[in-house]
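Following this line, the structures themselves.
Same chain, two partners: chain A is paired with chain B first, then with chain C.
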Partner chain A sequence: MIIKDVVCPFCGCLCDDLDVEVDGQKIIKVQNGCTLAEATLTGNNRLPAPIRRTANGWEEISYDDAIRETADILCAADRPLLYGWSSTHGEAQSIGVHIAELIGAVIDNTSVVCHGPSILAIQEVGHPGCTLGQVKNRADVIVYWGCNPTEAHPRHMSRYTTFATGFFVPEAQKDRTVIVVDTRRTESAEIADEFIRIERGGDYEVLSALRAIVRGKGSILPREIAGVAREQLFRVAEICMKAKFGAIFFGLGLTMSNGKYKNVRNAIELTDELNRHTKFTISPLRGHGNVYGSNEVFTWITGYPYAVDFARGIAFYNPGETTAVDILRWGECDAALIVASDPGAHFPHAAAAHLAKIPTILIDPHRTATTPLCRLQIPCTMAGIDAEGTAYRMDGVPIRYKKLIESLYPDDADLLRRIHDRIREVQGA
Partner chain B sequence: MRAVLNTGRNISQGIAVEHKGSPAYQAAVSVCHMNPVDLMELGIDEGEHVTLTSRAGSVVLTTRAAESMNRGEVFVPLGPYANHIISAETHATGMPDFKAEPVDVVPTDESVRTVWELMESIGGVRYDH
Partner chain C sequence: MTELLVKNACVIDPLNRILMEVMDIPVRDGRIVESVSAGADIIDAKGCLTLPGGIDSHSHVCGTKVNFGRYMSPEDMRAGRTARRGKMHVTSGYYVPTTYGNSYRYSAMGYTTVLEGAMAPLEARHTHEEFTATPHQDMLANTLFDGNWAIMEAVRAKDVKKAAAIVAWTLSAVKGYSIKLTNPGGTEAWGWGEDVSSIHDAVPNFNVTPAEIITTMIEANELLHLPHSVHLHCNNLGKPGNYRTTLETFDLVPDTNNGRQTLYATHVQFHAYGGTTWRDISSKAEEIARAVNAKPQIVMDMGQIMFGRTMTMTADGPMEFNLYCLHHNKWSNHDVELETGSGIIPVLYSKKSLVNCVMWAIGLELALLTKNPFQCLLETDNPNGAPFVKYPEIIGLLMSKRYRDEECATLVDGTEQRTAICALDREMDWNEIAIMTRAGQAKALGIAAEGKGHFSKGAEADIAIYPIRCRDVDPATEYRKVIEAFRKTMYTIKRGRVVAREGDIIVEGANSTFWVNPVVPDDLNVANDPEFVKKFEEYYTVRMGNYPVQDVYLPRGKCIRTKAAL
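== the complex of A and B ==
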């Protein structure tokens, strides 16, 4: 059977035009998707049953025992941490927030190690963004800053920018000018019309220089700014100011480099300057399929997009204090529930190591680098493959994941609902 | 050699990311991309091993020549190998320095550890059933 218009759950593009061929409980062919989509949808590395760490290794346990033990561990903890949430649907994320409120936990999502700093910048100066449909149909100048969509979002260029025809840009490659700014000559840089190669850590300076030029103060600039010739920046500023509609996309090159959210703030303020001349927008290239959804769901329940601390009985937010990496590296939490993410692979090892010292429960379909660190792992469905649900694309558009195959695994929303109910029982008693 | 460590996504890491114990994942994320001149200066060929040591620890990786890299910079795809040497300090932002970790790069004959060995070294217990 061929299922049409399938949504790929891998990256924030959430491409929704895939054709997937299914044979019984197996996905056998993916069309229209990138290599990442094919690997995600056809992969098979599922944990067969819940497992518990013992003195001698691991043992399989029942779902009932796993749920009971998870609730008991979370209820007994003084400073529990609930982390992850970006590779599941909004339905599971919202139950996670309710569990955090019940037990006075800190709940954080993976944006803390991707676009958390972008959110901090947006909270300072706002977000002049737009949907990807606007970019596709209108943008004649595209800027990719500190990101490599060719490898991290392989269809971004073909669906929305460089190679995509739009209503007002009928001949994509002729009508659009693509500018890439990076410290490395990446695959994306190879196909750019203009590549600005800056010295590592020089983003803030180059953004400031462009702002000066756009403001008409370019004469104060030195000959070279962070390894970039002043003449190139004048040329790029002119391209941007003459655009009918420009769109900046930025990646972790800004959020993870020195300056972090200040880099992003400067990029947003450059966008502000450009809007005095023409129409320009800026948006982060979000990584995980539903990481934007975790920000949306956390915000509409608690008022804050990540790093929410319920220890005071109300929602409190202070990145740097209530963020998962910090809480782990200080050894502050005494239990952890990890859902749909892999901090074992993606957190600095000093933070990940604390997960092995405390009772950590992992709800994830796969054997991951967090599996060896946890006390208990409960396998579940994978959103977008054997579970349906709501996800948010990188531009904030909600898209419904389809269920492609039946499986014997429980949906993580159902697992979390049972854990939530069990906690209420324990607390009531 | 003193260098700045940059980490990030690439295609082979993304393809294997849900198969953390697989040889493909290990091969994708235990690689140190370096400028060919830096490799020459270290006196080694592509494919030989180096130890990267930072303020947070050290890890052995396989080298790969990459013209795209500036001299004095190395790139390791994100994953448990890169994170073995990234400091957990976040400067009150919640975000570690994933793209700005100073490292020493030294040739070595030591072998590259598996993902499970790395996780065991921080207190984990492998599950390989």
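== the complex of A and C ==
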């Protein structure tokens, strides 16, 4: 059976035009998807049943026992952390927030290690953005800054930007000028009309220089800015100001390098400045399929996109203090529930090491780099493969994941609901 | 079967012409009935003011831009937060509260139904998710068509039926309630950083004018027999001298519906400015009110501003950019492909700003100068003019000349010269307030037939009991008592169940979402039109099959079917 218009759950592009061939409970072929999509949809590294760590390995346990033990661990904790959420659907995320409310936990999502700094910048200066179709149909200038979509978001250029045919840009790449800014010549840089290679840590300076030029103060610039010739920046600024519609996309090269959120703030303010001349937008390239959904769900329930601390009863937010990495690296956290993410692979060593010291429970379909850090792992469905639900694309467009195959695994939303109810029981008693 | 008897209620029910009659209200299974058995639960209203549940006919509470307002504003989240307590979830925020915050505060004020002012069809799923998390109000969604490419093409081809068919397909796909036009044509122009400056400007590349979009959509709306009229945010919002655009727009509107208005003009305060710049801005509320008094086909809402901090958020992207250039505050923008735009910027309305004082006066003038209160409803364009928790103060201002005078005395010099507010003696009565906060909304939205906004037999038992005895209070002098009473009900009853008692929410909510499905003949259904489908698949970034909002997003959806005259 071929299922049409399937939504790929892997990255923030949420391409929804895949054709997937299914044979019973197995996905056998993926069309239209990138290699990441194919690996995600056909991959098979599922944990067969809940497991608990023993003195000399792992033992399989029942879902009932796993749920009871999870609830007991969370209830007994003084400073529990609920972390992850980016590879599941909004329904699970929402129950996660309600569990955090119930036990006074810190709840955080993977933004803490990706676009958290972008959120901080947006909270200072706002975010002039748009949906991806606006770029596809109009943009004649595309800027990729500190990111490498060719490898990290392989269909971003073909579906939404450079190579996409749009209403006002019928000739796609011929009608568009592509500018890539990075510290190294990436695959994406190969297709750029302008490649700006900056010295490591020089993003802030180069953004400031561009702002100066756009404001007509370019004459104060030195010959070279962070390894970039002044003339190139004048040329690029002119391309941007003459654009009919320009779109900047940025990645972790901007958020996680020196300057962090200040870099993003500078990029947003450059965009604001360009809007006084023409139309310009800026958008973060979000990584996990539904990381933006976790920001959205957290926000409408708690008021904050990530790093929410319920210890005081109210929702409290102070990134740097209430962020998962920080409460782990300070050894503050005494129990953790990880859902739909892999901090074992992505967290700084000190934070990951602390997860191994405390009772950590992982709800995830796969054996991951976090599995070895856990006391308990409970396998569940994978949103977009054997579970349906809501996901938010990197530009905020909500799309419904399809269920492609039936499986015997429970949906993580159901698992979390049972944990939630069990906690209420324990608290009631 | 559940039964409830509200005893000794001092009822005002304008749609049934009941004015301060002390009576009992019997309720069975969520509806008003003739009588109930002796075993019914009893609530003693003790002679206090009892009104049908409040209805907000234009408020921004759910969806992409509202949530982005929260997302970018930790400073506001800190400004209003409560811990989890009983059945109440944590809440955060003052002017853009979390969904539960909105829901609880509306409920405490006796509001049981809210229309979200602007939903971009492409992002409708988000709005519906937040509706579900706003559990104590029945919700409806204004659906944006102002920059819809397919609509503009139909307008250009002068094909009203096609326009109607596109509306029908879209409303049923996204589970929307009504047609919203926000700065029609302007949001598409903003795709290029431009705007339209009159209703006769051509929209770039589409060769249609805002006037043509408005008139075609009014016609399409009536062909589809939609319960609500076209809901319009006029062009040129917030620009000195814009009252001319507003009057010109009103002149476009025919009187074609016997049951209700043919145009709902929203937040008209922002569209009633004289002058040419911010320096010489003045009130043109008299001109606007005169036009509305002469045109029963128009209903407007005040769009009242109240002093203090708040957040502006609208689909009107170019307007928000202008505001950003004025305030240099943080600015967000979010254009939606093929459909509309949006922008967000925080503002502070200050009594030290003459412009803000004039704006404040204009909203009140509009209400006081409109003869028929069914034609000027009490709204703040929440949160644009002020958060809705300010409604009780606005009620106080409308009912008391003395309160207005006291407030006027604190405003910056010049307000009196530029507005007529100080010369207006009208003091609204209880009945007029009931009209401006529920009966008028029910009629304008076309939901009186769904049992909203009145206490007829069979109506939904949405009841607000306020701790005030109308006959014992003189609102003109005791306006503080009035304000306090409207802040917090004794009981808010939603579909026959007490949901809030003295400001506390006591149950989990179970709201409904009303949406409209106009039935169109197969040959006009755009889903069967190869050209429509082809363009959709070519230019949207979401497949047409993935666009419609699934039923699962409306756990208690209430579909209103209409039969289109096509």
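Everything that follows uses one rule, which is that the second predicted complex is superposed on the first by the 429 of 429 C-alpha atoms of A that agree within 3 Å, B and C clash if a C-alpha of one lies under 4 Å from a C-alpha of the other, contacts with A are read in each partner's own complex, and residues count from 1 in each chain.
Convention: contacts are C-beta pairs under 8 Å (C-beta built on N, C-alpha and C of every residue); 3 or more make two chains touch, one makes a residue touch a chain.
Just so you know, these numbers come straight off a predicted model, no measurement behind them.
Asks: Is A:P154 touching the first partner chain B, the second partner chain C, both, or neither of them?
Replies: First partner only.
Asks: Which partner does A:P398 reach: the first (chain B), the second (chain C), both, or neither?
Replies: After superposing on A, A:P398 lies in contact with chain C but is clear of chain B.
Asks: Mind working out whether A:I213 is in touch with chain B, chain C, both or neither, as first, second, both or neither?
Replies: In the superposition, A:I213 contacts neither chain B nor chain C.
Asks: Is A:G57 touching the first partner chain B, the second partner chain C, both, or neither of them?
Replies: Touch status of A:G57: first partner only.
Asks: Is A:I196 contacted by the first partner chain B, the second partner chain C, both or neither?
Replies: After superposition on chain A, A:I196 lies in contact with neither partner.
Asks: Let me test your reading of the model: by the given contact rule, A:G303 touches which partner, first (chain B), second (chain C), both or neither?
Replies: second
Asks: Which residues of chain A are in contact with chain B in one complex and with chain C in the other?
Replies: On chain A, the chain B and chain C contacts do not overlap at all.
Asks: Any idea which chain C residues touch chain A in the complex?
Replies: Contacts found on chain C: 62, 64, 67-68, 70-74, 76-77, 81-84, 89-90, 92-93, 97-101, 122-123, 125-126, 129-130, 133, 149, 190-193, 205, 321, 324-325, 329-338, 344-345, 538-543, 545-546, 550.
Asks: Mind listing the chain A positions that touch chain C in their complex?
Replies: Contact set of chain A toward chain C: 4-5, 7, 16-17, 90, 94, 98, 101-102, 119, 122-134, 136-138, 159-160, 165-168, 244-245, 272, 275-276, 278-279, 281, 295-296, 299-305, 310, 312-315, 317, 390, 392, 396-400.
Asks: Would you pull the chain A residues touching chain B in the complex into a rising list?
Replies: Per the touch definition, chain A meets chain B at residues 10, 35-36, 39-40, 43, 45, 51, 53, 57-58, 112-113, 116-117, 120, 148, 151-152, 154, 183-186, 189, 199-201, 252-253, 255-258, 260-261, 287, 307, 319-321, 323-326, 328-329, 342, 344-353, 356-357, 366-369, 371-373, 377.
Asks: Enumerate the contact residues on chain B facing chain A in the complex.
Replies: Chain B residues touching chain A: 4, 6-11, 14-16, 18-22, 56-57, 67-70, 73, 75, 78-80, 83-84, 86-100, 115-116, 118-120, 122-127, 129.
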